[in-house]
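Two complexes follow with chain A in common, the first pairing it with chain B and the second with chain C.
Our next item is the complex of A and B:
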């Protein structure tokens, strides 16, 4: 197996375009393998471990993802999410996307995190510094207002607030259909 | 001429062998010639020429600002650039012109760099193919290379001109394509899960992800606040070090940058490898790794061993959970970060205005594509009260385990880890779109993701061409804030492997006819 693998590299120029690795003595190591002479590496071909080199076979496999229990993603949850995120699912594909995402994330439960603290940031053992509360720049009202679609004088215009999104029945969402 | 490295062109500019305006014009015409790659969203022709003229004046007076003075660069379209449209390849920000420059952009401009334009990406940098933006997918320049085309003929694959082109990888695909196709000398990308290193490996260029906290994120439209970093794409490791030297350092406007003073360094070539200890993480032989990449990885390990370095197998046991953990944390942070897009202050605004909530919902419905909406909804799911502990907190705990894996490995004497960057060489677009964005990201981020989890610096170096004639890169992961060591090792490796230059048939000839008329001694 080992011999086969590396004899390919002697035959052609598989690393293409005339590239070659100057520092590497291709000759001795690989021609030995190609010529079929047994050495410790060839014998080790059955054993995936190689001293200092990479494993010849994948060291883990993807886990078969379990299907979601039926009660997890109900229409109530979907409606709740649409209201929270203010983004809609639009069609069944959107819902399936969420289900697949949850299935994928469920793999985390296989990890033992007993006694482990959650990590917010990789810089957690350093102090974050805040600037002094002094005004160093500003007076850019015009520039900032320029990017908004609807403004009047120095105000951004917003539609009336404190009006919650209509309930499922009153909204234009595909989730109604699924009810 | 456009094929030389940043250092070489800088020297040429200093010696007066070429002027900044000439260089800028050549790059601009080359961008036009490579328009079919769709690497650029916005080309800032006027401002670029103006910057080039100012640079030329500085050269004339002998008062240049630094090594980057007059050098054309490109920036990914999720960095804010004053006066230049910044879209993140999304309808939400189409037509948005920021009033300020991102700190990294400002630093480049302060050094005199010439900003050619904004490059294409996946919408809001979500994806691993640079295929999901509203301006269309980016094509890999290697699709048009002689190396690839010749192999296609050899393998009797009829090369249909316009339908079988290859993806660049993502999400900084535009930046990678821009550097790879010689339209600029360096480009900025962003790296959250491998978004700089993935396209760099697929396009045969160097992609550097610095340590989290080294380079300012002020002005980078955020995806995942705890993992985003600006990334650097260049044609060689030396150039990456030059750009890093300009960009790194504390920024008072970004409180997540560290206060430690950063000293820019010049890369030396080490001659004695015996003090070096390279780690080969065994879990990085993941399912799906192509035999070619595996062979190259083995060869690289051999290379270091033959040079006298210690090459040891190590274990990062939680590697397989890295992508799942990323998936949860990313979607959660995205759900939070995307909340800022409501149409009131900037960006797209819907005409529905019965109430703020209706307006926000409609704006976001119209502005975001499926991928972004999917991630926002998933993120919100994981952050629901009933799920918070089981998903979000759990993922944060797993993140600590992953980060600790790396700490343990580096404590045991390893200097640098050597791993593959991608599962295989790049694939045609028609193949790529068979699976959805999330699946592809989960597959493609597998080697690059963990470095973002742990905040460590990583660099991908183009290593060799595959049997199809396409670039394959290998990744080095270093200790936090030890970019100098990481880049020194990477530079040595780059020198050993002598990766071949891309041969863009037809287009390069056009470029040459243009330059021929100008009789430059350096380039004759």
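Our next item is the complex of A and C:
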């Protein structure tokens, strides 16, 4: 699984994109948006509070697609994902969407993160609050049971154990068609 | 062809002898050669080892690693404010966070952090001043959130050690000390309880236990038999109970042990390991591990391979069976817990000046307040009272026995070395027979001290003392002195009466007297026995012997 490591040097617009993955011409789109915003910023440049906090010029760079590895997703990995996360890729379009998402995230490899400590939480500067060992909640059985469709004598009801997905040969999925 | 038939016959012969239980399990090699008789094999009585030497085939060595989950003794749960209680109406101690309703966030309990730090310090671990929380994802009905908050990357304490003692040797009278390395100690959440209702094909979920704080103690695979594992777990249990960080009662599920077992030939790579779960007591732990070792050896000798699976221990059948739900290797997709910042612990040097006391966990402060660990207590007992290390081991093993022993020693003039004999042989024996704890004993330390004082003063003989003890055990509230008077068990103090009795016995057995005078001293013991019988145990044997010898020499 990919561990997303955010480099501190990437600021500005977040890397999430809506539905504009096709073509992956991200650089041009962002530059356009940025220049629009920078105009408004220059107007506000007179305000001393704004001057220090917001960048006057865009700081991101366009990422070249060619050096990035183009990995193919294997049938084993897809079977593993279906079993683990209980998603159904349904057909090849779903798999393509997955591959595009992987490519999109792989852009991070283009950044040089040598000597930079990986950040694992945006809360790393905050203090973890320690609670005193007192009993403050509980005894709301009725309210909790109201959420469940079926209950028996104040127990929740669940199906008997985990029923694992049948193996690739045994189930009816489009993944079998390939190879 | 003939060779394989012969091999099978030999195998069944060996199997028959093994069933009697006193022959170490041998294995057949792949090539058939003349085997030596089983009796000539030395040592190797531990179930995990097969001795080398016969047939020139390498022995099997078992590797056992333990993962122990100890429930932290606290009022509220690890990340929420609901109560921690063993038996309560189902789903009555569940908060919105425990049921993982949307919009709830974890809030770490300070007492759980202190308990983990205490345990880490007691096990000689290095405490990480910064530790991180992660999510471990897997699907199961008793885990409502679909993930468990644990500490996988950077736990609270790492690199410790646990020393334990066990009895080895043929007569189990030699105590050796072994050490097992502790890989890490981490804080994690407990899952709920699921009751399987197979008749209606459903599972009933009770979330009272979901979210309770656990300390997971991960041990390196340094052990090689069920006995060692059981001793290590017992020692850990004593340490946790002494610290107060966990009550560690296996019967209530406060201490859960999972064993990772594999076998291999020494010098070769480690074999495939299996995980054994569902072990409910220390006794079953040793049995489960030994069974699993034997099963793996048998599988490998039959040419099959051991699968990397999870097996449950069935204590009624005494064997391990594969678990239905855990198939294949799990991918837990560990990810940092986004709702919790890193946990920072301080010591006296790094403590910031103006921080709120309630928000600070000071490692040095906790270290100063650690109580005496069991190993230290044992050494002190041996030094103070002069008893053997094995005795101190047994004293600490029983809950409350050490205090009982100390109370008795304080109130009696008898030498502690003799007192320990009474405590371990008589007192403990009776407690075990009647299945009582020390606290429930009908004989208090005061009564036992009185009895031992009578014995020490020479008012009664040791056999009489045992009779009095039996009487005291009935718990009718009588003091030892009263019982002695009632049953007339005092030693005869009157010298004349003594001499009269001895004279009577000698006159009644002239033959024996002639024998002794001829030089056969052994008959003297018979005379002493006769005197004892006449006086109904009220004669001091030493005195009787003196008087008889004096008379006989006349």
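A few comments on the model shown:
We take it that the second predicted complex is superposed on the first by the 99 of 179 C-alpha atoms of A that agree within 3 Å, B and C clash if a C-alpha of one lies under 4 Å from a C-alpha of the other, contacts with A are read in each partner's own complex, and residues count from 1 in each chain.
Following the convention adopted for this analysis, a contact is a pair of C-beta atoms (placed from the backbone, for glycine too) under 8 Å apart; a residue touches a chain by one contact, two chains touch by 3 or more.
Because the structure is predicted, anything quoted here is derived from the model rather than measured.
Within the superposed three-chain model, A:131 lies in touch with chain B and with chain C [touch as defined at top]. When chain A is checked against chain B and against chain C, the one touching more of its residues turns out to be B.
In the superposition on chain A, A:140 makes contact with both chain B and chain C. Of the two partner chains placed by superposition, only chain B is touched by A:104; chain C is not. Once the two complexes are overlaid on the shared chain, A:123 sits against chain B and chain C alike.
In the superposition on chain A, A:159 makes contact with both chain B and chain C.
In the superposition on chain A, the residues of chain A contacted by chain B and by chain C overlap at 80, 84, 86, 120-123, 126, 128-131, 140, 144, 147, 156, 158-161, 164.
Residues 1, 3, 80, 84, 86, 120-141, 144-145, 147, 152-162, 164 of chain A are the ones that touch chain C when the two sit in their complex. By the touch rule above, chain B contacts chain A in their complex via residues 96-99, 147, 151, 212-213, 226, 252, 255-256, 258-259, 280, 282-283, 285-289, 291-292, 294-299, 301-303, 305-307, 310-313, 318-321, 324-325, 327-328, 331, 335, 342-347, 349, 353-361, 364-365, 368, 370, 373-374, 376-378, 380-382, 384, 390-391, 393-401, 403, 436, 438, 442, 454-455, 464-467, 469, 480, 496-500.
Looking at the complex, you find that chain A touches chain B at residues 5, 9, 14-25, 29, 49, 52-62, 77, 80-82, 84-90, 93-94, 97-98, 100-102, 104-105, 107-111, 113, 116-123, 126, 128-131, 140, 143-144, 146-150, 156, 158-161, 163-165. Listed in rising order, the residues of chain C touching chain A in the complex are 74-76, 80-83, 89-96, 99, 101, 107-113, 132, 139-142, 194-198, 201-207, 324-325, 327, 331, 333, 335-344, 358-359, 361.
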